[in-house]
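Below are structures written as structure tokens.
Here chain A shows up in two complexes: once beside chain B, once beside chain C.
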Partner chain A sequence: MSQVTDTRTAISVQDVSVAFDGTEVLRSLSLSLEQGGRLGILGPAAGGKSVLLKLLVGLVAPDAGRVHILGTDISRGKEKTLMRVRRDVGMLFQNYALFDFMTVGENVAFPLARLGETEDDEIADRVSARLKAVGLAGSEAKMPSELSGGMKKRVGIARATIARPALLLYDEPTAGLDPVTTSKMYELIAADQADTGCTVVAVSSDVGALMNFSTELALVHEGSVRYRGPSHAISKSEDALVRQFVSGDDAGPL
Partner chain B sequence: MSVHTRIEGLGARAIAASHAGARLFVIGAKSLRGVFDRDYPKGEVARQMYVVGNKSLLFIAITMGFLGMVMVIQSGHQLNRVTGDLSQLGPQFLKLFIQEFAPTITALMLSTRVGAGIAAEVGSMKVTEQIDALRLSGITPTSYLIAPRLLACLSMGSILTVIAIVIAFTAGGISAWSVFGLNPTAFFDSSMVRTYDIVIGSVKALSYSLAIPIISGFCGLEARGGSEGVGTATTSAVIGSSFAVLLLDFMISGIGLMVFGGGV
Partner chain C sequence: MLGDVTISAIGRGTLFAWRELGGITILAGQVLRALLPPRLDGPELFRNLYRMGNRSLPIIALTAFFVGGIMVIQAGVLVKQLNAAGLVGWGAGYAIFREVGPMLIALMFSGRVGSNNTAELATMTVTEQLDGLRALAIDPIPYLVVPRVIAMTVSLLCLVVLGNLIALYGGAFFAMFLLDLEFSTLYYSLVDNIGWLDFVHGAIKAAVFGSAIAMTSCYFGISVRGGAVGVGKAVNAAVVAAAISIVTLDFLLTAVLP
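And now, the complex of A and B:
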């Protein structure tokens, strides 16, 4: 699929607000990321992180502001525009979102098969390779209901990456995984990125793992960005809330 | 609570209802378009036809069989009391079943069995983000999920209605013979059935078969939260579909009477 060949902005979110049933989830939020970047999004639970991720693929429409993805304005939510942009985006959902009426193999093959640009034999080979990469070799015939939460997560990663999209979004990629598997997953995501040059955005509550993985971090709290900068500098932030979240201290504004 | 607050509350509900109506209309239109786009898995329509038709057959056969017997026995007793002439029992029963009872009762049963199933299936996909995953893969959920169910309901709804008529009429004939000693040749008489009855019955069956999957799919797509949200969607689907069936019944019967004078 699309390989990133230049350094244009991959993500540009400008003054975006989103509300559900009168409750504001994102408040005049602005964020940008260059193509090929690796951004980690941190923040307390229910702070708007997952909504922000869905906003980036048009699964949530902004009430105000602009969202540009891979150079295309998706703010107006036009179906044709969204369809075009989504061809270049892969996403791991928080709840895995595996199709429960398909086998593991069919789930992983789905994005590639939908594009209709790859022969069946090649799809099968790539599915096997992806499953092997996530440590689930030979699981093609299994149904999602036969898998543990961690295995589902890994199948979700295989599905999100199989079409080699230009932008990859991971919503809690390592939640429920043990520390060793967590490291392996981040290594896999990093290796994929090195291979394709794609842009990666990962949302997680696992501060340590995300700090190690990301080159840049954003901390979202109550719908606003409280920190945006290099990963190594977040613990020295002037914002007490950011420092408390990263250190995990009891005392502080959170 | 002040009058002002109550009026505000009513207004908010009316606005929410009109928005929901608009969304239902859009989903209905997209589902119909999805029938022609054919962007659903191979064999999905056949699978859904099996779910809607074969799996509902026993449920509908038993219900319509008992309904046919009860209606004939009750009507027979009334006729015996008033005129003592049972010669019109079978012909009138058949006319009524073709025009009214078979399509409507069949649809009400499909609302509970099939409507609830569609809402639960789509609703659980919605709350587990499978619908989002479909959209991310460039799929319109209405085309992929609702359109094949719509086609299945359209085809199997009509077939089930015909089967319902045959079963109810046969069961009614057997009870008329066993309870009142009515000659089967007198009961199984279709002379009272007019083209109008068949047209109205068919229009009803088709309209109900359109309404049930669209309303149920809409309820599923509107599901929020977890399993509680799926439960609410399922209940709403059954209530909404059943209400739509009765409303359509009233409207189609009324239009038939006004335009064709009841086909008399």
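And now, the complex of A and C:
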């Protein structure tokens, strides 16, 4: 269990560039977030949002620039450093990334079980509580293949949060969920954050829900940050591209 | 112009082959590093031993039984012409232990277990399950690859030993019913001429083939790119690479081993 106890910067990304097969996905991107912050990342599709999240957990290495997570430099991609940092990070993947050879219960229990610091009874209790919190009480014995996309997403949220990590990264946490469940999921994420003081970064295409949830927003377009500031001010941005994306108008630079 | 195209194709093919060979070698190094000291996931190892070894036994046994029969039928024509019934047991045993058993069972194992392993790992890769493990501070090499490499090596060794015995029984069965040979003739021909070295020769080959199938199938599984199309290509590449590895290693081992 990791509780945030000071005011260090949780995330610091400085002039980071990432390219795949010669195509630049992130371009000199800089971003920072204080511990305990709640940042929403939005932007047009294929703009580099998911790559940015993977960069924050060391699944993508920067070609240039520096990435500090919870005070540790992970830019060099050293395996031992990455493993240490990842113990304090929870991540929900866009495609759930549930282990299909494990049951739902085993999936959710996995972050606790691999640490080996929690008794089996307590793990079982916490798995039940997490599944109940995401509206899937009693689903422990099911296999991921038996679940719908929305249910898999909720299992992914339960797995990401069960070890109460200091930094939580959500990639499209509400994709495939109905509006009521979307509200409930954001309420759950906010309640968890209030409970543990963790830092939350969420990527979503659901602009309205993300604006309501986040205290701060960043709009990423073509690998660069086009807006970084309070959620309530994004619709008044001087950048026409940012205003168009938020309003959803046809006319504009996008 | 045609010459340029041909040279270019050969160059691309060579670079591709060396790149894949390099990747498999690096993976082999990672597997060895993970085994020093051994950090095995017991349940994952036994799960793989069961589904790769135990569940392959019926098809391997069936194949081996008829392979033994084929050996005897092919030898039967010469045996009758030369009146050399005393050589049937030796001939079948020598070929089965040293060559036909390990190679045919390895190719069968590659088709059934290796391709399945590649498909499974490749699907896990394209659905971000391997990234999911890494994000949870679990290295997929010791957790997923090492148990599979051990399970496939041990399974193929055991299957070849069992398969060879079944092939011998198959050979004896067909020899008695198709060539009218006595079981005792076959038995003494075998035990008088086949030594433990013949058995060890085949066993070493089986273990090496098992490792090769495991490494190629795991490598193409975890290095896959793209979605469903990528998974299909990875399985295809793994089966081809395993077959080439088996034949090449068989040649080298036959030349080196006593």
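Please note the rule applied: the second predicted complex is superposed on the first by the 254 of 254 C-alpha atoms of A that agree within 3 Å, B and C clash if a C-alpha of one lies under 4 Å from a C-alpha of the other, contacts with A are read in each partner's own complex, and residues count from 1 in each chain.
Here is the rule we go by: a contact is a pair of C-beta atoms (placed from the backbone, for glycine too) under 8 Å apart; a residue touches a chain by one contact, two chains touch by 3 or more.
None of the values given here were measured: they were computed from a predicted structure.
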item	value
Fit-or-clash call for chain B and chain C when the two complexes are aligned on chain A	clash
Partner chain in contact with A:A46 - chain B first, chain C second, else both or neither	neither
Chain B versus chain C as contact partner of A:A240, first or second or both or neither	neither
Partner chain in contact with A:A191 - chain B first, chain C second, else both or neither	neither
Which of chain B and chain C A:R114 touches, first, second, both or neither	both
Partner chain(s) touched by A:A141 [first = chain B, second = chain C, both, neither]	neither
Chain B versus chain C as contact partner of A:K54, first or second or both or neither	both
First, second, both or neither for A:F93, with chain B first and chain C second	both
Which superposed partner A:L254 touches (first chain B, second chain C, both, neither)	neither
Touching both chain C and chain B, counted on chain A across the two superposed complexes	54, 57, 59, 79, 83, 86-87, 89, 91, 93-100, 110-111, 114
Partner chain A, residues of chain B touching it in the complex	125, 128-130, 132-140
Contacting residues of chain A [partner chain C, same complex]	54, 57-59, 79, 82-84, 86-87, 89, 91, 93-100, 110-111, 114
Residues of chain C defined as touching chain A within the complex	123-124, 127-129, 131-139
Parts of chain A lying in touch with chain B, wherever the complex brings them together	54, 57, 59, 79, 83, 86-87, 89, 91, 93-100, 110-111, 114
